[in-house]
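The chains carry the letters A, B and C, assigned in the order they are written, with residues numbered from 1 in each.
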Amino acid sequence: MNLIVSYVLPILLQVQMTPTNAPTSLKEKLMEGLFNVNINNFLVLSALLFIIGIAGVLTRRNIIIIFMSIELMLNAVNINLVAFSRYWFLQTRGTIDPYMGEIFTIFVIVVAAAEAVVGLGIILAYYRNRQTVAVDEIDLMKW
Amino acid sequence: MLNYLALSAPKWLSDSPILHNRIDPDVLDYFLWPLTQIVVLLVVVLTLVAYLTLAERKVSAWIQARLGPNRVGPLGLLQPLADGLKLLIKEDLIPLNADKIVFAIAPIISLVAAFVALAVIPWGAAWGMISNIDIGLLFIFSVSSVGVLGIILGGWASNSKYSLLGALRSSAQMVSYEVAIGLALIGGLMFTKTLALQDMVLAQARLHIWIIVFQPLAFLIYLISGIAETNRAPFDLPEAESELVAGFHTEYSGFRFSLFFIAEYTNIVIVSAVGVTVFLGGWYLPGLSYIFEPGSALFVLSSIAVFAAKTLVLLYVFFWLRWSVPRYRYDQLMELGWKWLIPAALANILLTAILFVIAQQLGLIVSNGNFLEITKLGYVFLIGTAFIITIPITWIMLGQINQRSRDFNLYEAKPLPMNRKK
Amino acid sequence: MKLLGIEAVLFYLLAVAAILFAIFMVTARNAVHSALLLISVLITTAGIYLLVHAEFIAGAQILVYVGGVLVLFIFVIMLVNVKEEDNKLFTKQFLLGGFTTFLLALGMICILLQTQKASFFSFNSPPDVKLEKVQDSPNISPSHNISQNSIRIGQELYTRVALPFEIASLVLLVAIVGAVRLARERKQEKIYG
């Protein structure tokens, strides 16, 4: 158990273990930060979500689910942007553009909404003509 | 995150002889006190919701010269209890071929979305609210927009044509009118300069005025869209009995149905409470701070009473309109939303902004940090222009525009001006 | 940037939930379930935004994505997906797609390991400054102790990035018009020409 806590968990969770003077009681451990989340954890989360999104886009057959996977990928990118925004805000004490990351996130959300609207319009138009939403069967350039 | 979600416990509680030096003040501030507030709030709101159903039946009976429920208990006061018991012991039906998981989740989504929004509403001054977050109004909007999902998923999962039609109608209506609500509130936000709901009340207290006198048009738009947003008559298309049996909850019975029912009434309470907070001054009543010392327990209790009174007045308006106006047709509903309310809200924002800038140039309004300071002439200017300029201009403009659009809809055979050139 | 104690626990809970929901979303059989799971991912992400004090983004995320875009998705799924998908969830190029994903994942892991090795990210920054508690102030004045996130973002949006903001609104307008044009039926086109 001790082995897991001290060696395996830190690698899995990317925890920086506090050195020798480690806190003893459970409350102290929680408060002093056994789980010590830093920017790397955000990067890992974002990367995992992005990869899952890519998997969805590359393998699914239903075009609507492909669209949703794209939304998931955009969302993963947003996590990075927001995390870095906060990171630089604290790192530089707010001297360089502390809110640019969050503002860029707003633009990503706006563009994602626009993209979803147009994409769904195309899907509806296509479905009306061909009665299918499977990307396998969308193989004609013109009909 | 936790350290600014919670307001600290009131002084009279933490200094009281029972608790003093016995409980860690952090535990009291961050855990025990908010928990107490939440429990009290939930109990009060659930009771209120139960008695709102009774009040609605009593009001409708009074309007129709009937007696209303009067069998259970004195004056029928125990009727909600009987109704609740009846719903609880009914059989819980799940239709054949229904999507069981979604069918079970949908009412819970509705209910949770409705209850979460209660957390940020300023029910009273100081410790009278649970949390004063920076994005208060945005939070309420986003949470109530999640509530739409409960309805649409419930309708879809029931695997019934009436449910699906009701759900489609309902979500289209709610999504449309959400836009109008948001745009209407922006007019009020210009004067309060914050999204945090408690700060909005305090801004109105500083100005010694209710925002409604600056923004009468916005309040009207908010009220109408609020009724539509909660699917109440005269906009109760989603559950129009004569067409759709009961709309999205046709297939729901027993406890699940009562969850939808509670969520609907809680939404009505939220819409009224937000309207009171933004337009009617929240718990602020001119002269209240002269009677009680601000910050004292009596002041907070009386502020809660003021807020409750204002909310109940708006709730009565909801019941009153239900029996006074006939139900709209669906195309009329959409036309009212998209062609009247949303453009009117946009025009209101534009005109208010122009008048605001003019007043600023004239020195009638001074922006002082996060607050406004308005001179006496400024009050006269803003109130006067709101009634004399904003409302007539918006009315005339929309009347002109929609006159043409009505032709466009009703007489499709008649060629439009742009087609005549061909 | 460090999250400690309860915030770290919340982060791990939200992150694990988000990843699980995302996996279920990509593999869901039913498109409506998929949409519901995507909504869960988005809400957990909003929770993570709250943890890094980006309240406005969290609110906007739920308002725009969950209240707007995903409702639209569910609408289209209801209009389009009448019959159950015929047992074929994945395309014929499933293996190719899976392999490409695997390669991309490998590349990303390598990059992450690199960044972690670099001292660039691993130095210890002091924990976030704790905001003071909001006292129940007796005088009638707004509390300044709450976060100022939305005020700052508003100021930036209307001053420094005003032009991109306007362009974004133009993009939305074009999208609205385009969507109406695309989704309109032939019948309606004949009537209104």
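Here, contacts are C-beta pairs under 8 Å (C-beta built on N, C-alpha and C of every residue); 3 or more make two chains touch, one makes a residue touch a chain.
Everything quoted here is computed from the prediction, not taken from an experiment.
Student: Using only Cα atoms to place each chain's centre, name the chain farthest from chain A.
Tutor: It is B.
Student: Tell me the chain pair with the top count of C-beta pairs in contact.
Tutor: A-C
Student: So the centre of each chain is just the mean of its C-alpha atoms; given that, what is the distance between chain A and chain B in Å?
Tutor: Computed value for the inter-centroid distance: 33 Å.
Student: List the centre-to-centre spacing of chain A and chain C in whole Å, with centres computed as mean CA coordinates.
Tutor: Computed value for the inter-centroid distance: 8 Å.
Student: Measure off the straight-line distance from the CA centroid of chain B to the CA centroid of chain C, and report it in whole Å.
Tutor: 26
Student: In chain C, which residues are in touch with two or more of the other chains?
Tutor: In chain C, 6-7, 53, 56, 60-61, 68, 149 touch at least two other chains.
Student: Looking at the complex, which residues from chain A come into contact with chain C?
Tutor: Per the stated touch rule, the residues are 13-14, 16, 30-33, 35-45, 47-56, 58-62, 64-65, 67-69, 71-72, 75, 78-79, 82-83, 85-87, 90-91, 98-100, 102-103, 105-107, 109-118, 120-125, 127-128, 133-136.
Student: Can you list the residues on chain B that touch chain C in the complex?
Tutor: Result: residues 1-4, 6-8, 10-11, 29, 99, 101-102, 105, 126-127, 132-135, 138-139, 141-143, 145-146, 148-149, 152-153, 156, 164, 168, 171, 175, 178, 194-196, 198-199, 202-203, 205-206, 289, 293-296, 370-371, 412, 416, 419 of chain B touch chain C.
Student: In their complex, what parts of chain C are in touch with chain B?
Tutor: Of all residues in chain C, those touching chain B are 6-7, 10, 30, 32-33, 36, 39, 43, 50-51, 53, 55-56, 58-63, 66-68, 70-71, 74-75, 78, 130-131, 133-143, 145-151, 191-193.
Student: Give every residue of chain C touching chain A within the complex, in rising order.
Tutor: 1-9, 11-12, 15, 18-19, 22-23, 25-26, 28, 31, 34-35, 38, 41-42, 45, 48-49, 52-54, 56-57, 60-61, 64-65, 68-69, 72-73, 76-77, 79-81, 85, 88-94, 96-98, 100-101, 104-105, 108-109, 112, 115-116, 121-122, 124-125, 127-128, 149, 152-153, 156-157, 161, 164, 168, 171-172, 174-176, 178-183, 185
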